[in-house]
Amino acid sequence: MANVTAFGKHPARHAKGLSMSRKILATTAVGLALASAPAMAQDCPIKVGVLHSLSGTMAISETTLKDTMEMLVEQQNEKGGVLGCELEAVVVDPASDWPLFAEKARELLTVHEVDVIFGNWTSVSRKSVLPVIEELNGLLFYPVQYEGEESSKNVFYTGAAPNQQAIPATDYFLEELEVEKFALLGTDYVYPRTTNNILESYLQQKGIAAEDIFVNYTPFGHSDWSKIVADVVALGADGKKVGVISTINGDANVGFYKELAAAGISADDIPVVAFSVGEEELAGLDTSNLVGHLAAWNYFQSAESDANEAWVAAWKERMGEERVTNDPMEAHYIGFNMWVNAATEAGTTDVDAVREAMYGQEFPNLTGGTAVMLPNHHLAKPVLIGEIQEDGQFDIISQTEEVPGDAWTDYLPESAVLMSDWQEKGCGMFNTETNTCVQIKSNY
Amino acid sequence: MSELSAGAIRRKPLVVQYPSLLIFLGCLALFTVAVTVLSEGFGIGVISTSFVKTLGKTLCLCLVALAMDLVWGYCGILSLGHMAFFGIGGYAIGMWLMYARTELIVIESLANQALPPTAQEISDGIATQIFGVVGASEFPPIWAFSHSLTLQLLAVILVPGLLALVFGWLAFRSRVTGVYLSILTQAMTLALSLYLFQNDSGLRGNNGLSGLQNLPGLGDVPQSVVSVWFLWASALALGLGYLACVAIVSGKFGSVIRAIRDDEARVRFLGYPVEAYKLFIFTFTAILAGIAGALYYPQAGIINPAEIAPIASIYLAVWVAIGGRGRLYGAVIGAAFVSLLSTWFTGGQAPDVNLGFYTIEWVNWWTVLLGLSFVAVTLFAPKGIGGLFDLITAKRSPDRHGADLGPDAGALREKEAET
Amino acid sequence: MARFLVLLWMVLSLPASAVAQDANAPIQKLLQEHGEIIAKSSRKTIGPAIDALGDSSLPKAPEVLQKWQDKELWFIKESGLFVYTEKVDGKTERMIDIATGEPIGEIAKRDLKQLKPNSGIRGMIGAALVKFQLRDPSRTTRLRALNAISRDAEETHLSALRDVMGDESDPEISAQMARLERLLTIEFGETEDERIAAIQHFEGDLGVDVRAALNPLVSVRVEAAEAAPEGEDVVRVLSPGSEDLSREDAYDILVRAELAKPRISRDDKRAALIANISDGEVAGIQVASLNSEDARDLAYAALAEQGTVDPVATEAEVDETLGGFVFFERYTGAPPAVALAAASVLNGIETKVALNQTADLALDAVSLASIYFLAAIGLAITFGVMGVINMAHGEFIMMGAYTGFVVQQFVPDHTLSIIIAIPLAFAVTFGAGVTMERLVIRHLYHRPLETLLATFGISIALQQIAKNIFGTQARPLTAPGWLDGSLVFNDIVSISYIRIAIFVLALLFLALFLFVMNRTRLGLEVRAVTQNPRMAASMGINPDKINMLTFGFGSGIAGIAGVAIGLYAKVTSEMGADYIVQAFMTVVVGGVGNIWGTLLGASLVGTLQKYIEFLNPSNTLAAQTYMILFIILFIQFRPRGIIALKGRAAEA
């Protein structure tokens, strides 16, 4: 395991020689607009906060992202850092303890004085951090697919909003697989609840009757799936094609898929599309019985592009041959590179300047297209649907154009009228009906 | 024998009988003043706001540890449910904080509209804001009193108190004791946390209540100031709680509960209503825990069901064990020591130990160390850190030549030898 | 440089391959005609391409369809020509002409695109292939065709099936064909009598496919008319405001049929008021006073009087309108006679289904009970017999499961690895248990509360150590192939073999426990030591040794339970924590010190949980919560459990 505390032990070395030419370069690149010359005031090293759980239940997923961040910081330092400064990753461990996230975020911003934070996985941890980030005007990059209905001035959401994952996957079910009856299975927490809420509303607008939507919530780490799987099979009794949309989280998937395989449910009879199952999760499973079931993401390791090949190779070289890459890692990859470019453009790491420079930032994503940062702090990214293969990888069978992320879903009446535009309107929750800003701070 | 001595001691003032009380209160006051002076909000800014919050929260943990010591160290009931009462207190105050804060926002945003809002619209607006994240937009009945600070403050005391009263009455009445009671209280905690995990509970499920550090109507006051306010409140609560606990354990009442701990059956034969005594202690400490929770969570900023999970209550018992059971200052020391140490280790500040073939990173190994230290404390230092004070005052347990410490299992009886 | 060479090579090789390819072969031309939609690969548009291939009567068409379905059809990006490929190395593919089957050169993989039909398209291809496959000599292919029919039935399949049915020699396939023919007749049969006969053929059949065929026939629509209609297709008359038809729904039906004027929603009313604000007033009412629904209703009524907005139906008017209509359900899925026949057959099936669902639920309950029992049996020994609270019991389960995982890393054969893992898991956890007993528990026999704390410390330490060694990721523990799948009684009642194996294992443990405790010297000594250690010691029994062995035995069983639980669920460092509270509950509810009590406790807990899940199927968490609440209450009233020890044993 890598060093927990910091990278770049000799920050001063670069700061003197290299930095002058780089600063001049950066300043000329942006032009004279930034007359305050914040670049000159840049403190070296530039600190990058990493706020991912390294212990507790979420360590399973988040440790990977910490390693990703360390790798990205290292790669950037090899390229000469940012604004002539070396980057230093400040890693803290919020230990899957939600209040501790808020505490550690405050510590990062006030004690370590980091310039940007990359972190969080669960929605509840993000909601815990939000008030602190907004109070102290920090900058957070959040890399995981989430339920939307939020747009904070201080957060860039590099994961998928529901319309970049759930809605296209549902469309795929409706149009390509002609599913007429839906089982929405989820772990009982915010992401599945809100996503299923949106999907229920969406499906009903698409003409699916309310009684043809079966919803079930299970606790974290649930393992006794026999009855639920039997219930799903029984749904087929009225002659409609059944599809499962799974927002089951983490470990619980192992038991779920094992039971599915034992019941002999083939993907041709009852297809399952999962939003939280990626390459990492499949590593804990024998996938031979799951071939053909689906997952929807913005990235799969099997994506064919040169950038991805290099990325996967670098990851495997660093972490070991058996390690896999996944969607949130790509989100960090895009987010980090966009931040680097925005800071270079702005000539400073000052939060407000970087935020302004972020809008419209483009960076090639790993699946071949280009990601764009929108004024609502979400990315435009393509949606990929993959079929599970025997080797635990995904076969990409459908890839859309870039879909712009939508902070407020169009499929729930109360949020359909809302939009977010920080660039023009300076508001994350703007009511288009009354033309007023509902509130500047976010809900938490 | 405690009967006789208790009568004699009673005439002495509390402070004389418990010199530690004065020392403790003095230290607490000194600590509070020192932190205030060093804080960013009121002083020279040596201590960061996040650390002030940590210290404030630690005081609340000390208070709940005090409650745990009273119920376990003095009365012999190893309750694994006191962190649940702590959480209930947090939820009760959190509901008001969320409601009041959201109400201000909603009224402000509705004021811009063409028609003046109806009461229903305001209520719907607040509900959508609060429950939007869990896919609901109506107030569950459990929020009926959330608009009133007074009622929710009452709930901080009444809900844990009543729950403890009913649960305790049922359990003590059927003579559930010892480890069975521990397992039963643990089951209660588990049921409560599972219940809160459900969305249907109306308390936002796994998300819990968040943004509690923002006090309604005081949006302009910086957190550096608010954190010190809460530090003061927590210190005050801890001081008063300590005083109350000393008052309870010092008199005849204290002797009876210690006797219950040592041999319940004998006390019952002597004619004391054992159940009533136990019920009082159980309920009182539950209320104390509730108050501690109500002060803790506005500092933590978020409360959710994971806080109530059974493991939290076990940690509480461990703090008390490490600090030293059966002495109030022991509990306070244990809670402060372990929770601050824990912060230090998990914060990544502890230096790694390089063994040559393997590097011990404390982030990964701290829990192992903590776990093994429970074992060590129970085996080798049953008196915990508090036992060190005995060395100073040269108090020693009588030499029993290796025989059992008493007739019943599981309790320490060093108090026996005191008078 | 390397990249340049590849490029150069590609440029050189491309024209060569294009020459070799026969672009004018009929099959290639046909594909080219539909090239665009094939490349687009969407179920909505692909139809013509598949139909054209299926109907083309080209000899190569079935093969192309088959390869396409198997994701083996590729096309060259530049020319759009379709080819099959063989892998040469990671970056290069050898192209094979679809018309001749001959290799026609190599090409860089990046210049090819693989067609990846989704499962919807694969189903359509399968349906088109049916007519080629039904007479195929290969049994698998014929079965595949039948599968395709059962998934995507088309009208043409019925006649195709009838054609081949008589010639089929394989009895299994023949039976399957006959069943499919009946099912298809229900849907596509030409005469009503034919369909009714097919429907009645399935009287009492539990298959999901039968219900799937019948249910659409009995679908109904609610309609309204001024007088009750006559006719066979009217199912029943509904009265508005009843359970089956709410007043709102009934009125909405009328509004939709334009038989009644609409009502207005709160938001629409508000919008109408806002639209009519002038000088801070709406119809002469101050805007500032419109802060209640009543005030807004008045303002709206005033507007309606002025004629600026449409009047809306009041509640009284709604009632009056509803009174003027009759609401009834009408069969829409099939002609009335067919629908009635289907309804009566379905009725009979539903009763049987309910019965079978109960049976299935009971099986699930038994299975869950056996899992709890397995998790608890080790505790029944250490806690039940010895009275030691071992909070690290869950971690022994975890250690057993990880032992299984490690064994599978070295022994790839799943059957063999499980055979090795079970005794090894016992050995590992036996060792761990004995060590723990010697080092810690021995010193705390008279302080049970402190045992709880110390073992809890060991528990969190072991959990973290497992995390440090194996990582936080869930690890696979794969069951041998012969435990895959389920024992299927019918389409409703089934249970996976792995659960049966766990059930059998639980029974074996019960037998082992009874044997050891009642029939061996060790058991006798254990009972002696737990009842009165001093007396036992004076009889020449070494209590220390017995305690050590008993604790090790209990821990070892937990290890084996871990292997079993890991097989059916997951292996993580926290898996033990998931079972520990339930395991203690099981032992306490059942009654400490009695194995039959533990068995009863597990059965009670398992059955109860499944029953609550059945009552509230959308929330599994609630089931767990209420189950624990029930246990708490149960213990209040029977503190010593279901089977309470009496007399002296109770005091031990």
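Some notes on this structure:
Order as written gives the chain letters A, B and C; numbering starts at 1 within each chain.
We adopt the following convention: a contact is a pair of C-beta atoms (placed from the backbone, for glycine too) under 8 Å apart; a residue touches a chain by one contact, two chains touch by 3 or more.
What you see is a predicted model; the values in this text were computed from it and never measured.
The touch graph of these protein chains is complete, with an edge between every pair of chains. A centroid comparison over C-alpha atoms places B as the chain most distant from chain C. A straight line joining the Cα centres of chain A and chain B is 36 Å long. Inter-chain spacing, taken between the CA centroids of chain B and chain C, is 42 Å.
With centres defined as mean CA coordinates, chain C is found 26 Å away from chain A. Residue positions 464, 467, 619, 621, 624 of chain C each touch two or more of the other chains. For chain A, residues touching at least two other chains, in rising order: 55, 188, 217, 219.
In chain B, the residues that reach two or more other chains under the touch definition are 114, 194, 197-198, 364, 367. Of all the residues in chain B, the ones that touch chain A in their complex are 48-51, 53-54, 102, 105, 108-109, 112-114, 128-130, 132-135, 137, 194, 197-199, 205-208, 210-211, 213-214, 223, 297, 300-304, 306-307, 346-348, 352, 361, 363-364, 367.
Those residues of chain C that touch chain B in the shared complex are 270, 273-274, 277, 287-293, 296, 389, 440, 443-444, 446-450, 452-454, 456-465, 467-468, 577, 581, 584-585, 588, 619, 621-622, 624-625, 628-629, 631-633, 635-637, 639. Those residues of chain C whose C-beta lies close enough to touch chain A in the complex are 42-44, 71, 110, 116-123, 151, 208, 211-216, 353, 357, 360-361, 364, 367-368, 371, 464, 467, 472-476, 478, 484-486, 491-492, 494-499, 568-572, 574, 578, 610, 613-614, 617-621, 624. Contact residues on chain A toward chain C in their complex (touch as defined above): 55, 57, 59-60, 63, 172, 175-178, 188, 214-219, 221-224, 226-228, 230-231, 233-234, 236-240, 250-251, 254-255, 258-259, 261-264, 267-269, 271, 280-281, 283-286, 289, 292, 304, 387, 395-398. Partner chain C is touched in their complex by these residues of chain B: 78, 114-120, 170-171, 173-176, 178-180, 182-184, 186-188, 190-191, 194-195, 197-198, 200, 310-311, 314, 317-318, 321, 364-365, 367-368, 370-375, 378-379, 382, 404, 409-410.
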